[in-house]
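As written, the chain order gives the labels A, B, C and D, with residue 1 at the start of each chain.
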């Protein structure tokens, strides 16, 4: 059976086509604000082309993500944590929790027996926009996201870890004091880790070795390293972790 | 002077050392309405719990919407910075502090703890009796816990030590009034802050020394614009230092961790607990308790005049609701009396650039260095 | 809905209730023209003064939020401009913002207050209530103490605190008589205290009926009623009559399995007032077959209740005080005040529970067989949110699924992200394996 | 990323009809904002040249570049300028400046030059901070207010929003005005909330223009509160980058019942011009 999942994030849109439990095509792009519906179609078509398929070949499409209702051709919609949970179980059957750090939201899903979910914790509003912050700081520092995620080691600089807005303020202050760009980037990565760790501390704390990390920011090695250090959790990071939502939706479409 | 800075910076070490030296017990307290004399008379060290800057990734689990002050105290407890504390006392004040108290106890129920109800209507006719009866209960609780009674002579001694401290601090503040003061705003503030985490007997000794030394200091002629600080409690002197770096000086404050802490003394009477009650109810009103008869605006105005300040900085902690609720009236009064002021919100840390901009502009506004056409 | 499990039908007493509310509102609106004193605040004894109306900023603010987003927003801005920040309780911002603007929603002039009698409530925002009108135009204000302490019950402490309150209340009444030259009518007051004791048993029964599956009423219904006896001081006799009618109707509903939500399959509880401008989420939850069985707040008229050892849900106090049945004669003003205050200084108000009985919500969940709890986190004010996250932790440990959403305050829509809330509700339901019954 | 929606156009201009070599005093002001850097040059008080560009991560070189762009082909060099005043967020990094002065004084001064003596209230809408400045009858600051801490970064947030919406920053304002009635604003608390909430409006079926309208209304509303706190007079001038966004300015005008003053100068230049004017005074005072 061929099924597909589309994850319409606030920033990026991801599509996955699944055939008999195997991913045969994946594609992503920017979500595009008001045109999310059209972007979804465009990326969907690209994914189909990649898989050399026609729309009719796909038996079911499920959409997820903050813009899921904009996907006109999807026959069903699921919420993001449910899709994440499904994907995590598929990618790593031993998984007990899954943490998704996206552009705007951080979600911690604790998995229960069978298909059940014990708890979903989402970031508080003041911890929103961590992925966006990383991107916007990269722009301010004129660095690429990749450069920012390669930074390691220690530095003295620190930014306010209360929220993205205050952190950005402090970054500008550090720039004014001519602190090296690398130090600033490091401080911001650390700040993101502090905020995410605070969400991990909420309600049920994820297990040390069986927690799966997905979402765009899982690509940021520096943040992940800092988070590992703070939380003591040795995350399992699947390949193509940012597609987890889409994959989960495709799996759900397959039943 | 440096000694105060040192103790303030290393307040945890100070308390641990005190404990080791004396074998005594340390009691942490949250609100300025806590009658320290009683604790001191029992032979324990009362320490005001102050916030610190530390990444906070622990309190979201149990708190929401709190001011950074109360949040950070909980954060420090969870991280074990306050492992030397044997007991916690909260004298009713702000609810966020009550929250910090209660939540800490939920995490560490083994601590000795007591809650003192402080009348909301501090000027009420019967409020002093309620306060006194609360102190009777409190004294008994401390006695039971310490395992020995607190005598009148213990109380007298403690009252004397605290009154001496208050007098000395008033003396230091008196020095700030001079046109060319020998003590800067940040230095004086550091003293007050340090005094809240120190053994007062020791503090008094150091303080006497310091005052003697101050007398020989050369008056500063470069302190510039005289400012007054009003607002939420703080635990550091970053703001004062910033002001000084901009060619101005904070000459007086109306802050709960500043002048309000020591402003009035216990007036002795045979009923010691009543004397203490009256002292605490009669302290400069904190924003929360300033509800029926408004004394705060008058007090602020008086300090402003006495210290010949030229402008007022109102700095409020984010989510500090007592000060938030009081602002409209303070603004109104200041405007009516043509007193220039600048209001802003601060967090645990001061964003340097932004605050500098505000203060510099405010100082330029008060005393333009350019004769603009 | 295709096929409902249970029958649903609207409440019949509802119309009568509406009428009573309208009457009360009118008496406020005409207060100034009738030369009636208008007090900011709330107290039961106000009924003793023939020409005194008490009205709090809380219901005014809530009503504004409910009626007009725009007017509430403009009012809040007026408050912000004179110096309030966003950490202030939204009711206060709405109500006094309108005072600064000088008019009400319908454009009529804002009725200025003549005196302030702050409502006794542990929320810090209440301690400072009524200062806005006092600072705006000099009017008398009568503060009292709101005693509270943690730790074990101590009769001696209670006694001192209650004596203080009795003294202060008598003093305030005498002061109002002196300042405004109004005679306090003891008989009326005594009658009112007796009558409000009369409501309590009915309210408690209604509360207990809510334990039934399917729930006969939902949170929205409760909100229509709780204001009747408590916040609006209408005709006492009428109030008791309507509570009786309500009780009878609810009993009938329980006997006949008339449900608030026809497809009830999930029961959830709350902890505080909802956002008054956004009551539509209750409707939305019905799509999932979920019903809200109330909160301590909406069950307030029944007074403090607790889970008894035998598993029943019953009143916590007897012998006077808010929500307590009266078991002794009331003759004088002081008797009535003492009954009104009860014998314990704390536990009086549902918000005391936040501090002294943190397990209160656990009990509530058990009593009402709640599957879930929606606990809002409000950024402004204090009383709304203090210890809410800890309560959430306790409930989760019990196996009750908890949803926190964030906003400013029930009367302030600034921070409430409606679509995010819908998303959260979807996640909450779906993660428990529940999907919408039908769209 | 194919298109940079957030990028606003940089610009510069140098007068060709003034011979700077003949001028008695040549002064300059450099405003290093957190987002944009401007340089303005005055010859005997006449506007000679300016440049406005994006501040890079190296503030010092941004200041340098701005000066060079403002010189254009005139052949002027930094050493030819008698007095330079630095201002703005990064003022300390104008290494070649004789003096630095905070931007509130500079904006007040610059606005008087740009908008004429009618101005009583100046509102600087910068990328990181917004300020409302009330003047005395002349160009001295009488009272001022800056945004609350949580309202920082409104200008930067618009850039993020431009990216998320994929609408160019210059078109946002116009687009947001092409609707019949403004929807209620989203959260005015801070931009992190506002961005999320605005993006969520699509769920309610909002069109692109409506989302933009709600979003810009939010920012305008926030600024309205701040302006109110200085008890403004009606003669208001908007300066700073956001003053170029009609979606904000028009909404503020409507909410406050006034019409903003206009000027032939680019509003973003106020800080730099003010600094150059102060430089001139400083120089004349000696």
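Just so it is clear, a contact is a pair of C-beta atoms (placed from the backbone, for glycine too) under 8 Å apart; a residue touches a chain by one contact, two chains touch by 3 or more.
None of these values were measured; they are calculated from a predicted model.
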### Message
Looking at chain pairs A-D and C-D, which one is connected by more C-beta pairs in contact?
### Response
A-D
### Query
Quick one: which chain's Cα centre is the longest way from chain D's?
C
### Query
Distance-wise, how many Å sit between the C-alpha centres of chain A and chain D, to the nearest whole number?
35
#### Entry: Distance between chain centroids, defined by C-alpha means - chain C, chain D (Å)
48
### Message
I'd like the Å distance between the centres of chain A and chain C, where a centre is the mean of that chain's Cα atoms.
### Response
41
### Summary
In whole angstrom, the CA-centroid distance of chain A from chain B equals 45
### Message
Two-or-more-chain contact residues of chain C, please, as numbers and ranges.
### Response
83, 85, 377, 379, 393, 406, 415, 417, 423
## Note on the structure
Residues of chain D that touch at least two other chains are 89, 148-150, 152, 193, 196, 200, 203
### Query
Residue numbers in chain B touching 2 or more other chains?
60-61, 64, 318, 343, 345, 347, 351, 353-354
### Task
Determine the shape of the graph in which chains are vertices and touching pairs are edges (line, ring, star, complete, other).
complete
### Query
Hey, which residues of chain B end up touching chain D in the complex?
318, 340, 342-347, 351, 353-354, 356-358, 360-362, 364-365, 368, 370-373
### Query
Which residues of chain D touch chain A in the complex?
1, 6, 34, 56-60, 89-90, 92-93, 128, 149-150, 152-153, 156, 159-160, 164-167, 190-193, 195-196, 199-200, 202-203, 207-208, 211
### Query
Inside the complex, what are the residues of chain B that reach chain C?
60-65, 90, 92, 94-96, 98-99, 102-103, 106, 113-117, 119-121, 124-127, 129-130, 133-134, 137, 288-289, 291-292, 294, 316, 318-322, 324-332, 343, 345
### Message
Quick check: in the complex, which residue numbers of chain B touch chain A?
### Response
55-61, 64, 68, 347-349, 351-354
### Query
Which residues of chain A touch chain D in their complex?
10-11, 30-36, 66-67, 69-70, 104, 125-126, 128-129, 132, 136, 139-142, 163-166, 168-169, 172, 175-176, 178, 181
